[in-house]
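Below, subunit A partners subunit B and then partners subunit C, in two separate complexes.
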Partner chain A sequence: MAGHSKPRRSRVLLVQLAALAALLALPEILVRGGMVSRFALAPTSEIAVRFWHLVVDGTIIEPLLETLLLIFITFVIVALTGLVIGFCFWRSDLSRRAFEPLMLTFYAIPGVIFYPILLVILGIGYPSIMGLGFILGVVPVIMGVQNALNGVNPVLGQTATVLGASTVAKYFKVILPAAMPGIGGALRLGFSYVVIGIISGQFLVSTGGLGKLVANYYDRFQSANVYAAAVFIILLAAAINAVLERLR
Partner chain B sequence: MKLRISPALIVVAAGLALWEAAGLWSDLVRNVTGTPLTVGRELAAILSSSDIAFHFGVTALELGAGLVLAIALGLILSLGLGTWDYTHRVIEPFLIVANTVPKVITLPAFLMLLGTGYASKVAFGALHGMLPIAIIVSNGLRSVLANSQMQAAITMNATNGQLIRYILLPAVLPYLITALRLSVSLTLLGVILGEMYVARAGLGFLLMRWYGELQIPKMLSVVFLIGSLAFVLDFVFRRIEAAVWRDHGIRTDNA
Partner chain C sequence: MTPSSAADRAVITFMNVDHAFGDSESGSLVPVVRDVCLTIEKGEFVSLIGPSGCGKSTLLSMASGFLTPNGGSVRLFGEEPALMRKHLGMVFQAFSLLPWRTVLDNITLGLEFRGVPKAERMALAKDLIGSLGLRGFEQRFPRELSGGMNQRVTLARALVLKPEILLLDEPFGSLDEQTRILVGGELQKLWEQMHPTTVLVTHSISEAVRLSTRVVVLTARPTKVKKIIPINIEGPRTGAAAAALEEEIWELLKDEATRAMLGDAGGNGGA
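And then the complex of A and B:
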């Protein structure tokens, strides 16, 4: 069953490209062959043309910048909040016991159901979109930071104290660097949830950005544009994730 | 366990009390958003109406059908393709990418291809739910195939049927249960997302309708209902998961 010799990398890549090509050919065949309506699907060639126009005409620039800016700001807030709360949970057992069960409950629940509540409290616009990104992103960061800190060998902190390090130096120069690999993983996970939250928020209640772009094209039955913009967003998210994976 | 959960209950109780107290001071809270007591009364009224049974039933059926589809697709991907080194290496990058991108952006495609009815919610739910099964089960399978019991059984001339019945299935079961728990949560997410965007029935539809009509206590009741459904499903599967892993000599912190 499981082969002992590793398949060659170039051949795997070749098969992947072939699979991708077959996937790309499918819409072309289905639509040109009249098997699927033009309102439901667009031929690949047409999607490619719309994709090219989105990028070259600059239609995508403004929504893209808006989305990226919201993702960036929300992520900074998520990272800071997650680090502080994760640290508190690690330091104080009482705060952990008081809030951790609530967060684990939160984990199991689809976060988008809180979006209408955010819309009622914060109104339609940036604050509620950022709120959704925050809700989805902050819990994995808190949990990850806490786990990372728990994983640090206590002897490190004790040694630092014995050697005369101040409390601040102990945390910032010894324990935090030791927990960094775990914290990096937590931030990466939080980041992909922030991306999902921001785009979902923009898509569900159209206020702007890439999410609204797709929603608008869908409302106008511009199927080729819907697919072109969706492909753009998927490629963007995949590229961001690949870069973050490299950084680690 | 009971002692551990009590500080959290105090936080919840304090939050509800603060919210109730805010209703005494603020007209906005009293008349528009409602207080825990008014939301509770609204929830009781909603639960006793026959309407809710219909919407709950729609969501439950979409979830059930989506889950069956997710399991089928996930198992095809993991059993069919995950078993061989070659195909595993070919498809894994696609699965990893699919797992981290915002899948919500493909919802219009589902609506255009399958219509705005139940089919698009079922398929969209299955898209979310099949990924953990495909990824976790195929990795579990591969670790089982490489383990020493398997090698020993092959050396002792076990038949393929024996290999599957006595080694493969028992060893893969824990992975399958873990994958199933995640799959239930994610399929529900997909179904609710689909209902929230364009739908004529279901809990997600009710949520957005009452948000649109600014009937906030009713809207909050639906948030509570969906949250409870997700919580109960997760709780049950966590218990099963903990029991299965315990049988395999591995402790989880679920129970």
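And then the complex of A and C:
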């Protein structure tokens, strides 16, 4: 709004730090003060100790590697499928008109409801977990790729044609690079959804990975460990997001 | 001039060209071009001038083969335009440089598409870079240059292919008056050296008089040719003769521009 000056960076940082301090202090006060049960919440200090053990004694390594591997494989499949289908939608008005409403409806559906179907079709194991990651991740990539290609100035394609580009050169040297910022954004969004899908799948089916780790602690009422593992997943997601933002 | 020699020199021909935009099924067709006949001969510099939205750029889209007219025909060297694009150079008003490529890589893009070896590409680009005042900026990116310099890069990219036909769709439309006069001057010098058959779409009467051998005045939509004015002025086109021609063109254009502005152009445009 006009007339509002931008707050200083140091003030923004101060507010952020104050919010973080409050967030960290709250569990400590609520649990130690007896306002919330230890089964529901653990004091921050205990979560910090459990987090340290989780990382230092290597408990986290195997589940982490398993989760990262599933995320990586699923994301590669999501990216390739999303790029191909997004490109086809952009090229074909008919397929776009036919499927776009379905895709948009898909956004509004909680992806987890597909999990029982995936379990029945693919069985308990990696395929169903990857299936959930795929279902959640592929739609934003398709829509994002299509939007990114739609956003490319048509003059660029015409210029390439007049300059003598072959169809392949036109797409690979002009159109796709021009759409790259949007495609990068779509892939980043898709990646985030794949992470959610894989960890949720592992939590639900409990065959391995970080999701199973959290589920095991949860089943044993080890609330400090549940929160420690959750903090690890949050930090992992933030780190991946930061790396993707850098790449973009 | 015998009919056969005129036909031999014809590079671009519009024959009874009609076009309408919209949906014929819902009956919401807007006629844009009506019965345009125009022949542009080898080495001419022809400006198309008309009211905003009259269909000047539509005619250029047809000449470049990106749009097929509903009626009549457009030919380049007697062939379908889409088959003759290797003879074309084109400059658009919209920003059409690739922002991730340097000035040099943008200029040589067409040569790269046509499989010209790198050393040859550099040699071909070198002269134009000098002529268009881009020396020292070869490794810069378009975002680092002014609008005028970007349009000079676009011009160099088209001219480095040594096109026989140059289509310019309001190439200086986004530039300020001083820059457009300077870049127009550079274009004129290069045209005098290379002599491509050139069609310029412009809104500027003075620019049309300054650069062209003929000015085609178009009517409001649906557009047709109102009058063709030859520009036969020797030397700099800044004196009384140029002013008289500009006045003549404005007299022809004034009514059309008014009709276009008032939006009652439908159906019976032009003389």
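To be clear about the criterion, the second predicted complex is superposed on the first by the 243 of 248 C-alpha atoms of A that agree within 3 Å, B and C clash if a C-alpha of one lies under 4 Å from a C-alpha of the other, contacts with A are read in each partner's own complex, and residues count from 1 in each chain.
One rule holds for everything that comes next: contacts are C-beta pairs under 8 Å (C-beta built on N, C-alpha and C of every residue); 3 or more make two chains touch, one makes a residue touch a chain.
None of the values given here were measured: they were computed from a predicted structure.
Enquirer: After the superposition on A, what does A:192 contact: first (subunit B), second (subunit C), both or neither?
Expert: A:192 contacts subunit B only, not subunit C.
Enquirer: First (subunit B), second (subunit C), both or neither: which does A:227 touch?
Expert: first
Enquirer: Counting touched residues of subunit A, say whether subunit B or subunit C comes out ahead.
Expert: Comparing touch counts on subunit A for subunit B and subunit C gives B.
Enquirer: Which of the two partners, first being subunit B and second being subunit C, lies in contact with A:49: first, second, both, or neither?
Expert: Touch partners of A:49: none, neither subunit B nor subunit C.
Enquirer: Based on the superposed arrangement, let me know which partner A:73 touches: subunit B (first), subunit C (second), both, or neither?
Expert: Neither partner.
Enquirer: Classify the contacts of A:114 with the two partner chains as first (subunit B alone), second (subunit C alone), both, or neither.
Expert: first
Enquirer: According to the stated criteria, A:88 is in contact with first (subunit B), second (subunit C), both, or neither; which is it?
Expert: The answer is neither, since A:88 touches no partner chain.
Enquirer: Would you mind listing the overlap between the subunit B footprint and the subunit C footprint on subunit A?
Expert: Comparing the two interfaces on subunit A, one with subunit B and one with subunit C, no residues are shared.
Enquirer: Per the contact definition, I'd like the list of subunit C residues that touch subunit A in the complex.
Expert: 64, 66, 85-86, 88-90, 92, 94-96, 98, 100, 109-110, 113-114, 157, 161
Enquirer: Name, in rising order, each residue of subunit A that touches subunit B in their complex.
Expert: 1-3, 6-7, 12, 15-16, 19, 36, 39-41, 94, 97-102, 105, 108-110, 112-117, 119-120, 192, 195-196, 199-200, 203-204, 210-211, 214-215, 217-218, 223, 226-227, 229-230, 233-234, 237-238, 241
Enquirer: Name, in rising order, each residue of subunit A that touches subunit C in their complex.
Expert: Those in contact with subunit C are residues 153, 155-156, 158-166, 169, 173-174, 177-178.
Enquirer: Show which residues of subunit B lie in contact with subunit A when the two form their complex.
Expert: 4-5, 7-8, 10-12, 33, 83-86, 89-91, 93-94, 97, 100-102, 104-109, 111-113, 142, 145-146, 185, 188-189, 192-193, 196-197, 204, 207-208, 211, 214, 216, 219-220, 222-223, 226-227, 230-231, 233-235
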